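Beneath this line is the structure, given in structure tokens, with notes to follow.
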């Protein structure tokens, strides 16, 4: 096994200047939820697995006991615009591993003629977000303008983007590939934020000019509502207590 | 010294499609205890040492002061079915090291014609277990069915298996080798759980169709009884206190 | 991408035995602040970017959303004495990465004929410093004597210097390149200490025999004054409390 | 610079089956203190520096401001029995680095014809030791017997020995080089334990059959006496308090 191993499943697809759209585990699991939803709705077809010696040294066990190595997946979609989707179980576990995995993926994307990359992720704001916006960053002026027309927010911006969502556009730029990152706002308190992922999917669908049903994500949002309500109540209660305590009142610490 | 070095002791044995059975240090030391017991009862013969630059950088000192590098061991057993046992002091200490050690072992197993791998380990459940079950996971439908017939449990399952116990079947699958992992349930409170290891040995013996005396593990179980009793009492006492406090009673924090 | 990649921007400049002056992120951000200020005032011209697989695996996002890989920069200045400036976003994130990045930079400096290196940094003293001194260390007797004439302090000295500021002179020495490190005193409580950086710039300007306007750093010092005043008051208050409590008074702990 | 670089100072010495004696920083700094003392008393001559990319990425600064890379040193002594001493600033900072540094040193020792290695270190016991013993471990029966005749203790023994003190004999054994480790008992509370180092030097001198003056270590022991007395008093006071508090007395927390 090489440091990064790309194993094709069946024949190598023929694609014309495919977009690369990435969504891997990360903040609020937003990138993965969004990319998985796009893949599923567009019936993208799996064509390769990616293994890496820098993935966590473990296997995933599915319901029923089936074992599979930690891996990422490449799927393709034939449409007005061809697309390669990068989804999967994991990002690299070391700095060097991140750079090498991204390099290997860019090599592959280049071999297919990719000119533009979109990466999907989350942006942690530290408070409960009612209507999550989608924040953007890009390597290219034109791309920024195009995303603004789709109401991607460029007012707020993170100081940095960690992992594949940042490195794919960043390293792509050195090879002349344009790239943008779309980040759904999220509180940072939730491991999984389907509500924010839904906003990312909506914008990505508009950019691609395709219709995407949101039923699956809507369902996940509904499932989370009780937990979210409780979180909000706890949060409000704390705020209330904070407000009620008069600031003059001395606080006794042990 | 290479990154992973396999040093043969004496002649290379002649084996026919040997099973590979792995039991290295891990959760509750169950894998190691079980594999060591099988090795001993089957009088498996040591034929190679494995050294790795990713093992902890230390030597083991035995009673009497004899120094030996941290190493794993390969032993073989000639029977109805030939077996290679992988046992020893340590697993790799980095993600990459885990992948490379597993690769080297699979290279060796392939060179002997291995077609099936069993890995032995523990599964931490977070509470005291009276009658530990053996949980299974496998890369292959047939193997799952065969294990179920030996009362291996596939209802409960861990989300992932870390280290050699997971990577050997996971990476083996990419080479067309079938693999299964047998995990003895354990509380997670004990560094060493011979009672759980005993269950793993029982099932492995049934799968192999060999008789294994459990005297040595029985002895270890008996030695642990006083400590286990104390642990249980402490545990029950905590439960009692927890139950006695009325839930309506407000708890004051700061 | 190689482990360390140096990407030239336009033509390779022609330089005569250029000094190498380094200022990267570190204690109190002093090295970076000082080198950036020198670069700006001397209108040094960017000629290369440095990328490394040991930099943090992330991109920086600028106001407006533009993405750029984490990178360091090489700029040059033509004067009485030619200078190469090494500035940028980051140092390496692993021990080995530090050695390899420094090696690559020394290779490049040697190819330009560099004979002397100055590195700029901070020296954390653990208390608020009113008039920060500049502490020196060097690989060469002559260089120490020259710096002493510019009132660099060699009485106090750190036991060690971590990162590029130490490795560039240290590894340079093995290649026959002389090197010195200038460290501005700083409390260690501030992420950014422009006041200390200003002292480093003053001395570096004297060594280079160039006039450097300090307006930009003066401005930053002024901006920090309120925060600094508050820090001082908090500090003094603590001292007061400490002094007031009679030492005979027993302190009750639990 | 290679991963491990050995830089000769002047001519390569001619040595006959030299012993290798190692003493690097470690528990209680005992190995380094002991080896430095032996080097100094035997007027061993420096002949090579060792640099490693796995040493901490820093330089050491001496009194007066002179910078030097972190490095280890090889010195030789011509006598009844030739000796190579390995002393210096640091051990490797990663598991792999430890194995590779030890490999490089063994390559060099083999090239000189070394047949026996002694490593010096500390053994942390967790309580104040009045008369520190010297604990031994070795790869070879004969060596154990020889050391026992010099009153090295083989009754107590550590379960493992971490770093160069363990790996040099451990990896040496694979090449047919015999090795032993001598560990001075130490509390583990002191960064530097010259009293324990003195015992190691005494035994090593007897093994080598040379006279070693202990004046320098005696001086260091005397300097530490006040600090040690205070440590002992604090320790005894705690014991007293512990004994005095009746176990029935409830303890109030918070």
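By written order: A, B, C and D. Residues from 1 in each chain.
We adopt the following convention: a contact is a pair of C-beta atoms (placed from the backbone, for glycine too) under 8 Å apart; a residue touches a chain by one contact, two chains touch by 3 or more.
Note that the structure is predicted; figures quoted are calculated from it, not measured.
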Inset, instruction - Quick one: superpose chain A on chain C by CA and send over the rotation angle as a multiple of 5°. - result: 90
Inset, instruction - Compare the CA centroid of chain C with every other chain's and tell me the farthest one. - result: B
Legend entry - Inter-chain centre distance, chain B versus chain D - centres from mean C-alpha coordinates, in Å: 36
Inset, instruction - Could you give the separation in Å between the centres of chain B and chain C, each centre being the mean of its C-alpha atoms? - result: 51
Inset, instruction - Find every residue in chain A that makes contact with two or more other chains and list them. - result: none
Inset, instruction - Chain touch graph shape: choose line, ring, star, complete or other and state it. - result: ring
Inset, instruction - Let me know each pair of chains that touch one another. - result: A-B, A-C, B-D, C-D
Legend entry - Residue numbers on chain D that touch chain B, as the complex places them: 92, 95-96, 98-100, 103, 136-139, 144, 154, 157-163, 166-167, 169-171, 173-174, 179, 181
Legend entry - Sites on chain D touched by chain C in the complex: 1, 3, 7, 51, 53-70, 93-94, 97, 252-254
